[in-house]
Structures are given as structure tokens and as C-alpha cells.
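Below are two complexes that have subunit A in common, paired first with subunit B and then with subunit C.
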Partner chain A sequence: MTSYIARRVLIGVLLLLFMSVIFFALTRLTPGPPFTQGENPRTHQELIDKRIHALGLDRPWYEQYPAYLNALLHGSLGDSYQYKKPVSTLLVERVPNSVILLGTSLLISLGIAIPLGIFAATRQYSKVDMATSVISYVGISVPSFVLGIFLLIFGAIYLRKLTGNTFAFPLFGMHRGDDQSFLDLVVHMVLPVTSLAILTIAGFSRFMRSSMLEVLHQDYIRTARAKGLSGRVVNYKHALRNAILPIITLVALQIPQLVSGAIITEGIFSWPGMGLLAFQATVDRDYPVILAVVMLVAFLTVLFNLLADVSYAVVDPRIRY
Partner chain B sequence: MAEKETPVPRSLLGGDTYTKAVAAEQELRMAHADEDLVTTEIPEGAELGFWKLAGLRFLRHRVATVSLAVLATIAVLAIFVPILQGNLYRDQDYRNGYGQPFLFHARQLTLPAGIAVTVPWTDHLLGTDDLGRDELARLIRGGRVSLEVGLLAMLGYLIIGGSLGAIAGYYRGFLDNLLMRFTDMIIAMPFILVVVAVTAALGGVTLQTLILVIAFTGWYEIGRLMRAQFLFLRESEFVQAARALGASDFRIIFRHILPNSLTPIIVSATLGVSGIILLEAALGFLGYSIPYPEPSWGNMLQGFEDKLLRDQNYLVVFPSLALVTTALCINLVGDGIRDALDPRQR
Partner chain C sequence: MRRWFVNRRLSLGASGLAVAGLVLAACGTGGTSTTVKEGGTMTYALDADAQTMNPFEVSDVPSQRAYQFIFPNLYQFDKNLAVTPDLADGMPQISADKKTWTVKIRKGAKWSDGTAITATDVATTAWIQASSSLDTDAGFDWSPLTDPVKGVTVKDENTVVYTLTDVFAPFLAVNLTGFIAPAAVYGKIDPTKMRTDPSNDHPTVTGGPFNFDKRITGQEIDLVANPSYYNGKPHIAKVVLKVITDTTAAAQAVINGDVNWNPEITAAAVSKVKAAQGVTSYTYPDLGYYDIRFNDRPSHLFGDVNVRRAFAYALDKDSIVKAATDGNGTPLNGDIVPAMIYYDANAVVKYKQDIPKAKSLMDTAGWTVGSDGIREKGGKKFSAKFYVRAGKAQREKAVQIMSEELRKNLGMDLQPTPTDFKVFYKPIQAGDYDLAFAGFGINPDPDDYLIFHSSQIRPENNKSGENWTGYVNPDLDAAILASRKETNLEARKKLVNKIEKILGDNVVVYFMWADNLSMGFNKVQGVVPGKGDALNYIDKNLNNSEFAKFSLT
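Right after this comes the complex of A and B.
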């Protein structure tokens, strides 16, 4: 077990190193310098060249990379070109916003999808089951931006007309002006959370249903029924415990995504999270920010994959590494 | 399939009658011994091959059949209509921007016989967009882009993922490790950012680069599936038998394992096409798919805020509807194929 974990950690570190090389090269190989967008067109070319030279961006990427890696290993992510402040400060500002948004949506969708999946599985081919699969089909086929736009149309525009200009969900942002109250946050969260949750519910309920069905067809469940235990006890005590295990792993693997944010949904609702930050950074060619986000997400993914595999071995003594 | 004949219960005929009947049947059989009795005794269904049976099972799946018909219609429209329409999708008419959909006006038509009739007519069935371009023409042309990207990128997945997965699963060892680590890496990367960064590094998006970038970054799922199939099948008894008979690796891979590994690959590939179409649309929505004036369902939704604020919701509704319909139909067809190919797995 120890040697397995050591090997996995080693592979993970190598993987992250490799990824940093690839992304570093990718950003540097993009044609053109990074300060062409959003800069005053009357800025003297000399000034731009000076800045590029100061950052070392005029050298080939393989000469820049060691400096970047050195700084990274010393815990420095560099300064953002656009925001003109340390990337770490930027991450500290943005990560909580994404975690709030995606965490809420994850909790809500689990709260709905798990009972829905169980209900559909225990009453296979019933009307509820059919309805669940229809919902999950539609959910899988609707892209997040379409859902987001339609929620905006109905929740923000038509609702305002319906209520005669008195109430509508806000079109964008986390807070209205300087209002930092919790209630304001909740009102701003309704539409983006709904849009994220519907899609997650579709996937999770399908997964929960098939996981539960698989368990329900096993011999020990038949034995439990044959012993005369009530359906409720069999379903919820014997079957659920085993059926919910894969879901827990799935949720564990979703945690890195809480930090990485949702690019499209955050974009539509102008939610100041990590997804929007990463996308803006890509558009603006803010290299330190792009690299920081990608490496952070990669680090968390590798970490949680390892944790998931190890916890499997802990929970299930049959698995040996 | 023909129904099995239910044998007449013995008690009904009585002992004596029964033996007589058996004797009569024997006689009949002897008389027709020269005819190939063996084939005539096999029920009809078994004569059909695996694929024909699967096809029949698919057709019995009503939802999937209807979805396939809808998809076929979309495909035919997307392939042929743009040829007839020429440049209609990019012809701008500034004075008629935001033309409303389904607006009919009376139009005098002169029939060949010289009779004048008045018919309801519309120049732009689904209206025009902000620059006065025909929305229907753009929608149809956008469908062409979506289907092209979806199918060609999936072909790329199959070629790259299929071959690498097969080699990794069959030979295992170093290559297998490399493939799995690559997969880990891709999964650890934010996919949309990767596509955006790579296309930027390639210096702008064209249809070709988009397809190539998607194919080279997204093949891992097919690759993993193929690897799993090969890992499983290479240990199976029929492959061991083939190996014992001295079959070469090439023969084992292409004659024995590949045909048996296709079922999940076909299903996953079908469902994957809708995933690619949605991905392309998402990129278009973000402004990183093919550039204007070429329409795609994604980039038609770009700048949606402007359209919503001007109350021109139809410009948002039509592309969304096209996208969702196509994706839903592909998913339903994929599910129908799964049921048809593997009726046990439901």
C-alpha cells in the first residue's frame, strides 16, 4: 500500500511537471506579444517592448521555463498582466465565489438526484421511472449555455414583465452594488445555481438509478427479501449502502471542479468566479493567470483521484494494490 | 422471428394415434431426405445475421426510429439546401434587420395558364438577424458546420483512440502506461481552455484546425473503452483458442477481437457525436469556433444579451432549438442502438 501510494505520488508529480511544460510552451508559442489587447493604441511601441523585455517574454520559451518553475517551487505564481496584482491574491478572491456557486448547486442536485434515482430504480418501468429518464435525456442534450440563456429570458426578463416591473432575478453579478447581505447573494444565486443544478441532476439521477438497479439484482438482496424483510428495509438498508458508494466517488472527483468553476455559466451570469477568470485570462493572454488556474485544477484532480483510489482500498478490503 | 410450433400434447392424441403419427412423419422425412432438412428446420430468425437482427430490433424501438428520421431530415437539409441557396446566408440587408419570423404577406403569382392567384408568402420564414441576414439559411448552414465537426472529429477519435486503445490493451506494458498517463493528463485539464489555447497557438480557427484540435484532445474516452475491451477479450477463451491454433497477432486483433469489441464503441461513438456538437456550439458561443460570417449554431447565440435586451428572443430560440433537437435525437438514436446491439444490457 505504501509503495503504491509513493508510486502514484511520483507519477502525479511527473504528470504535473509535464503539464506545466506543455502549457508553458503553448502560451509562449501563441503568435504575437501578450500586451496587444486592451492597451491604449497610442502607447509607444518602445514602452511595450520594454515591458516585454522586463518580463523576459522576448526569449524562447525553454529559456523562460526554468525561471517560471523556480518561482513556482518557491510558492510564487507571478503577477497578473491585466490585474497588475499577484495571481495568488486573485485566486484567493475568486476561488470562494466559485466554491459557493458550484458547491450549492452540487448539494442541491445531490439532494434531488439521489432520492429521484432511488425512487426510479425501485419502481423500474413505472411512470416516475419513465419521467426520470426523459428528464435525464433532455438534461444531457441541453448545453449549459442554452439553459442559462433561457433561464435569463424567463427569470429575469419575462418575470419582470409578469410582475409589472416589481420583481425579477438579477441579470448578472454576485451582489447589487455594495449590498453584501446574504439575502442579496441568494437572490443572485438562484438562476445560475438552477442552471447548473438541472444539468447535474440529469447526470446524477441516471447514474444513481443504474447503480441502484445493479445492486437490486444481486443475490443477497433476493436473500434478504426471501427472509421476509420488508421492501423498505431491503431497499434502504441493504441496497442503498452499496449503491451509494460509486456516487460518493463521483462526488469526490467533482470537488476539483468546484474550484475550477464553470466557464460558461459564470460567463452568462457574469459570476466573478474562477471559470470567468480563466476564460478572461485566456482571451487577454494573461499567461501567469492561465498557468496558475490550469496547474491548480490539475493538482487538485491528481490529488482527488489518488484519494478516491486509496479510499476505495480502505473501504473495500478486497482491493489490494 | 417465427414462433416456435407448440408440440401437440401426447394425451390429446392417445398412445396409438401418436405412434402412428410419428411413423408417418418418419416416412415423410425419409421421402424428402434429399432435400436439405437441416436448413428448413432452423427458425427464420437465426438466418438473419447479427447486424440485420440488430437493425430489426432498432426499428422496433419507436422513439429511436423517429429520432433517426428527424436526424436524417436535418442532415439532408444541411447537405443540400446550402448548395441551392448560394450566398443567402451571408447576404446582408441593413434596412431589414430584426425581421420578425412567420410574417406572411399576400403575393400575386401568375400560374402558367395565365391565372393570377394570391398566396401567402414570406421572404424570410424565420425572420432576419441583426444584419438582415436570412435566419433560416444561417440555421441550415450552421447545421452543416455542426454535423461536419461532429462526424469528422468522431472519426478522428475512432482512428486515434481506437488504434492506440487497441494497441495498449493488446500489448499492455509501456505503451499502456503511457496511454493511461496521457488520459490522466487530459482529464486533469480544463478542456475548453485547452481548445482555446491550442487554436490560439495555431493562429486562428478554421474548420480544419477546429476538427483536428477536438480530435487530438478528445479521443481518450474511446481509447479507454477500446483498451478495456481489448484487455478483457485478449484473455477470453476464443482468443486463446485462436492463439493456440497459431494465429498471428494481426489476425487475432482484426479477425477475433475487433469485431467483438465494436458494440460499446459504436454506442459510445454515437453518443460522442452529440457531445462534440455541443462542445463546438459552446466554443462558438464563446467566440472560439469558426469565424464570421460563417454561421454555426454556437456563434449564432453569441451576443445573446444584445438580442434579449432588444426583445428579439426568436434569434436566441431558433439556434437553441436546433441544437437541442439534434443533440437529443443523437442521444436517443445512440440509446436505441445500445438496446438493439445488446438487448440484455438495459
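Right after this comes the complex of A and C.
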């Protein structure tokens, strides 16, 4: 096990190194510089050229890369071109907001999707199964911007009218004015979390259903039933433990996304997370921010893939590395 | 000094402005007579988080809207967009040769730390802005001065003297309007490190109608009334700038009363906001415009004035603008927009759609219709890319309509080419284009030097020039230079109109429209619009002393 983990860590480091080269090259080769006179023609071209030179952006990307890697290895992500502050500061400000939003959404999604998938699988082709399937497909098919806008209009606008201006969910942000309480945060989270959760519940429940169905048709399940075990014991003790393995991988792969944020949902609900930051950085060609976000997500993806593989061994004693 | 984020065109003589200010102020509508309530919190909508609160570093609109509440302005614009003193004690005294400008600072004005606002603060602000080592994306241009340091001198505690190399009539509107920062704070920051100074997020010393209180990054910026504000303590106790990134939510927020002031209601939401109870909204043309920027160089398709005139005669501008903007644009025939005191709808050249005349002009230019319906000349097709910013729906729609009309009516093959903003200017600035749909912000005081004078043609005559058209006309150059030296308002108006006529006659560019902007207020009183309901002056730091007069109902 130890040698396996060591090998995986080494591969992970090499993979991250490789990805850093690719990502770095892509940012530098994307058409359009981070600074142009077009945005503010009063800025003289000479000043723009001077700044581009000072940042080394006038050199080929492969000449710029060693300096970037050196800084990265020394813990420096550089300064944001647009926000004029260290990228690490921006991440500290934004990452928790996205983690709160997407983490809550993920937990709620799993809490609903797993039982729903099991329920549908153990009642295959029943009316309940058909109903959950239809709802799931609708959930998967609805674009996030449509769902987000719908929830915004219904939950924050029409609900106010329906209740005679007595209640509605907030239109924007994480807090209302000076109220920085947990309860206020929860109220502000309802609509964006619902929007994100609906999309992921649909996907997770379908995945759980098919995984469960696959296991339920295995011989050992039939044997367990033949031995006279109750349906509850067969489903939840024997079948679920195996069926949930793929879900662990899926969840592990979702975790890096908690950090990368949800661009559209954060935009609709004015949630100050990483999604909005990353999107604006891409539009502005804010290289340090773009690279920090993608490398952070890449790092977490590698890390959680490893953790998922290790956790397989914990959940399934048959697996040994 | 003031910055204009898309483009800036400026000017207006000091004495002329003073007269204009007095006359227009006398004709103003005045404030409301309702009871003024003291206290309360006014919530203001920002469509994105401010990137910085350091005025020397501001190059985005949300930051400009944020800092406008907290720093004093030396001069600023009134509701009719005439320059008026703010921190300055009266209009500048100009020497006989018009090269020395003396500005008196009002006595008794204080920073939030209790120290006096003096001439040193005013001079230091200019020195920092003029410093070649200042690390900023903001565009400060103090080139009219004889020297970036010696050109600004502190005569005494309340007097600053500016010395110019040459007569420059727009000096007041361009260089003397805008923020003043405390020398004790910003004068101590190394200009090369100004960009990333830790205080940029939370200014420590301010002197505008409101003082900085706190900031929650990405969410809100809180300001409190400045009790010692030199124009009098604001009626409103607190201002909260809320970041609302979704336009639907931002419009609804002002309807609900979650937001008291939304400075930019999108066209799609205007009718709903206007119909809402308790909301006061104003719609007016922007201080900026769009045009079709031709490449007027003789070797290019639009290098012949007959072709450009044919372009103009082939189109029905009003209907195109109406269709593209859904009625939210004001058609223009010049680069003086309705909000400006120079605006004269009759002073511009108008082209009424006349397709036979347009065809005749193309024939005169030697472009004949080919077998495929596209005009050609010497074996060359009249075919070009029509650049437009990608993701700007109104502009893309206008380009689409025009391309179709021009193909059908005139045999021009213009291919709409939506282009990402980051690369949009590259071919244009290189002179390697035929036509592009471009947007420009403008100073209330017009100055066409940067974008139409032949010395500014890029890349041939000026590496940093903004005259992309390549158009050369000695008469236009002379009129532009004369307008920059003319400090008398009426005389200057005539010169500005002459410039408009030359631009129109020669279709140097094809002017399109000014966006109709809308501001919405809920439970805010004391807002006084200018002519045509215009509220340009209380946006983007054109004027902040008005904020002290606002109160909540």
C-alpha cells in the first residue's frame, strides 16, 4: 500500500508538472494580450509596452515558463493584473465562498440522490421508478442558467408578490447588509444551492440507480436472497456497499469543482465565489489568476483521485494494492 | 484629472465654462421642496466588484463608481455638464498668455483624519499622476505642462499654479476636474509600487462626502457620512455599495427597495422599472457613442469619399438604430451627444436614405456591379470584413442589418466579423482593416484632436495614436487645433460645429447612436436631472457633491 501511494504521488507530481506546462502555454498562446490600449486609449502604448516587458510577456512562452515554475515552487502565485493584489489573497477571499455554496449543494445532492437512486433501483419499472427517471432527465437537461433565472424570478420576485411582500428569498449576495449571521447566510444560500443541487441530484440519482441495478443482478445477491435474507439486509448491507463504490469516485472528482466554483450560478445570484473570478480572469487575460485556478483544480483532482483509490480499499476489503 | 475609459475627447475654455456654468445654473430646475430626512442607509448597486479603491489605479467602471463617493474633486461637472468649482475656490485665474493657470483651494476643507486639505495635496496628486514611474493602467495625461514636477507649483497653502507649454483650452475640463488625494498617504507610496499597495482595498484617509468604513470583498463596500465634508454633512448616514452581478436581480432590487439607487438599469428591464410603484427612473443618452470607423486611407475600399457617401445614402439610420437597440438608442450624426452643452442637432450633416444616389456615387467611384451582384473594380471585389465586438448583441445586430442592406441595395459584400475584445483593436490600430463598429466614451468638453487630427494617425504618425481612420484633411486639422486654443465658449461652439460639418460632409466615420441609459431610485430624494432628464453628471465621478444633498424618504 505504501509503495503504491508513493508511486501514485510521484506520478501525480509529474502529471501536475506536465499540466503546468500545457496550461501555461495555452494562456500565453490565447489571442489577445492582458493589456491593450483599446480599453483605455489614454494609456500610452509605450507604457503598455513597458509593462508587458517588465512582466516578461514579450518573450516566448517557453522562456517565461521557468520563472513561473520557480515562483510556483516557492509558493508565489503572482499578482492579479486586474485586481492588483496577490492571487493568493484573492483565493483566500473567494475559495471559502465557493466551497460553502458547492459543498452544501453536494451534501444535499448526495443526501437526496443516493436514497432516490436506491429507491428507484429496488423498484425497477415501477411508477415511482418511472417518475424519478423522468424528473431526473428533466433535471439533467435543464441548463443551469435557465434553472437559476427561474428560481431567482420565482423565489425572489413572485414569492414576494404571493406573500404580499412579507417573504421572499434574497435576490443577491451572501448577506443582507450588516447581518453577517449564519441564519442570514443560510437564507441567502437557499436559491443558489437549490439551483445547483437540482442539477447534481438528477445526475447522481441516475448513476446510483444504474450502479445499484447492476449489483442487484449479481449472483451473490441472488444467493443472499435464496438464503432467506430480508430485502432490507440484501439491499442495504450487501448490494449498497458494492454499488456505492463508483459514487465515491464520482464524489471525489466533484470535490475539485467545489474550489473552481460555478460560473453561471454564482453570476445569477451574485455569489462572490471562484467561478465569477475565473470567468472574469479569462475574459481579462489575467494570466496569474487563470493559472492559479486551473492548477489548484488540477492539484485537487490528482489528490482526490488518489484518495478515491485509497478509499476503495477501505470500503471494499477485497481490494488490495 | 479625469479619465475616460473608452476614449476621451475634451475641451472648453475656462472663461467660457464659467459663463456657461452661471447661465445654465440660472436656468436649472432646482431641487425638491420636500422635507429632508436625516440619516438612513442608501444601498447602491455595483454590477461587479471594484478592483481597487486607490484612485490612481482605477481603470474599471465599478471602481470608479466606488471611489467617487470618498475623494474630493478639484472641479467637477454640474447637471448641464459645465465645469464648476468643488474643492477649488472659484474658477481658475488664467494669465494673459493663457499659459499660467492659478487655482485657489477653499479654506477649511479637511481630510477624514482632521488635517487640512491644502495646495500640497492638489499638487502632489498631479505630481503622482504625471510621474513616469507610476505603475498604473489608468490614463493620466499631463503633457500640457512644461514639466511634470516644475509645471505644478505650490504658491501658498491654498494656491496652486499650473504652467503650460502652450495654450490648451481643454485644460480645465481635462486636467483640473477629478479627484484630489491626500499627499500624506499617497505621496509616501513608491509610485512603482502603487499598483499593489496594501491600502488599495481600504483607503485610510478620504475627504469626499462619505468616508470609507469597511469592505467585504466581492460583496459590499460600506461608507459613512463625512461629518466635516466641506460642502456640508450629507443627509444620508451610510452608503452600502452592493455587488449584484445579475442585471435582472439588480433591476428587481431597486423595484423591491433592496437597493435605493441602481445607476445602470439594462434596456430589457427599463419598462418594468418605470412601471414600478415608488421607483423614480430617468432615461437619457449616454456620454458616449458608436460609429462605423472606416479605414479612410486611399488604398482601402473606403478611401474614396464617394464610397463613404454611398454607404451613408444607402442606409436608413433611424430604422437600423431602432431595430438594433429596440428603441434604446438615440441616433447621432456627429460626435457631440445630446447631454453636452455643445450639442446642436441642426449643426450636423444628415444623410437621408437615397438608394439611386448611393448607386450613382458607387458608379462614380468606379465600382460596377458584377455578375454575382457584388461590385468590383479592376478585378477586385468590394468585399471586406465588418469588425464588431463579439457578445455585444445590439452592435452585432446593427452590423448584421447594415451588411444585408448594403449587399442588397449597393452590392457591397461586408461580412460581419464578431471579434473578441482582446483582439478587436489589433487590426484596427495596425491600419489593417476596412471598417469596424467602434464605441467611444467622451468628455463633456469636446476635443477631436486625439481621434481625428492627422498627427494622431496610427501607426504612420503616432505609435500611440487613436486616429485609426488614416484620414488627412488640412481644414479639419486646422479647425481642431483652433478649437483647442479657443477659450471663448461661443467662438468654440462655432469651431466645434465646423469640425462636425467636415466630419459629416466627408463621412470620415459613419455615426450611429448613443445608448439610452437609465438610472432608478427608490426612496431617494434630492436627485436633480439636467436637460432631457440627463443624469450623466452624477455617475463615474463627474460630480460627487450632489451625493451630500440626497436624502432618503
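One rule holds for everything that comes next: the second predicted complex is superposed on the first by the 283 of 321 C-alpha atoms of A that agree within 3 Å, B and C clash if a C-alpha of one lies under 4 Å from a C-alpha of the other, contacts with A are read in each partner's own complex, and residues count from 1 in each chain.
In the analysis below, contacts are C-beta pairs under 8 Å (C-beta built on N, C-alpha and C of every residue); 3 or more make two chains touch, one makes a residue touch a chain.
Note that the coordinates shown come from a computational prediction; the quantities given were computed from them, not determined experimentally.
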*Considering only touches as defined above, state whether A:S181 meets subunit B (first), subunit C (second), both or neither.*
neither
*Is A:G267 touching the first partner subunit B, the second partner subunit C, both, or neither of them?*
both
*Which partner does A:E93 contact after superposing on A: first (subunit B), second (subunit C), both, neither?*
second
_Contact-wise, after the overlay, does A:I157 reach subunit B, subunit C, both or neither (first, second, both, neither)?_
both
_So in the superposed three-chain picture, is A:E46 touching just subunit B, just subunit C, both, or none of them (first/second/both/neither)?_
second
*In the superposed model, does subunit B or subunit C contact more residues of subunit A?*
C
*Contacts of A:S230 with subunit B and subunit C, given as first, second, both or neither*: neither
*Identify the partner contact of A:P31: answer first if only subunit B is touched, second if only subunit C is, both if each is, neither if none is.*
both
*Between subunit B (first) and subunit C (second), which, if any, makes contact with A:Q280: first, second, both or neither?*
second
*Touching A:L15 in the superposition: subunit B (first), subunit C (second), both, neither?*
first
_Just to be sure I follow: which residues of subunit A are touched by subunit B in one complex and then by subunit C in the other one?_
31, 149, 152-153, 157, 267, 285
*subunit B - residues contacting subunit A, complex*: 181, 184-185, 187-190, 192-193, 196-198, 200-201, 203, 274, 278, 281-282, 285-286, 301, 304, 308, 313, 316, 320, 323-324, 327-328, 330-332, 335
*In the complex, go through subunit A and note every residue touching subunit C.*
31-33, 35-46, 51, 79, 82-86, 93-94, 97, 149, 152-153, 156-157, 160, 168, 170-175, 177, 266-270, 272-273, 276, 280, 283, 285
*Along subunit A, where are the residues that touch subunit B in the complex?*
11, 15, 18-19, 23, 26-27, 29-31, 137-138, 140-146, 149-150, 152-153, 157, 260, 263-264, 267, 278-279, 282, 285, 290, 293-294, 297-298, 301-302, 305
*asked:* Help me check something: in the complex, which residues belonging to subunit C touch subunit A?
replied: 3-8, 41, 43, 48-49, 51-52, 54, 57, 59-60, 135, 137-141, 195-196, 200-201, 216-220, 240, 242-246, 248-250, 252-253, 256, 258, 420-426, 429, 450, 463-464, 466
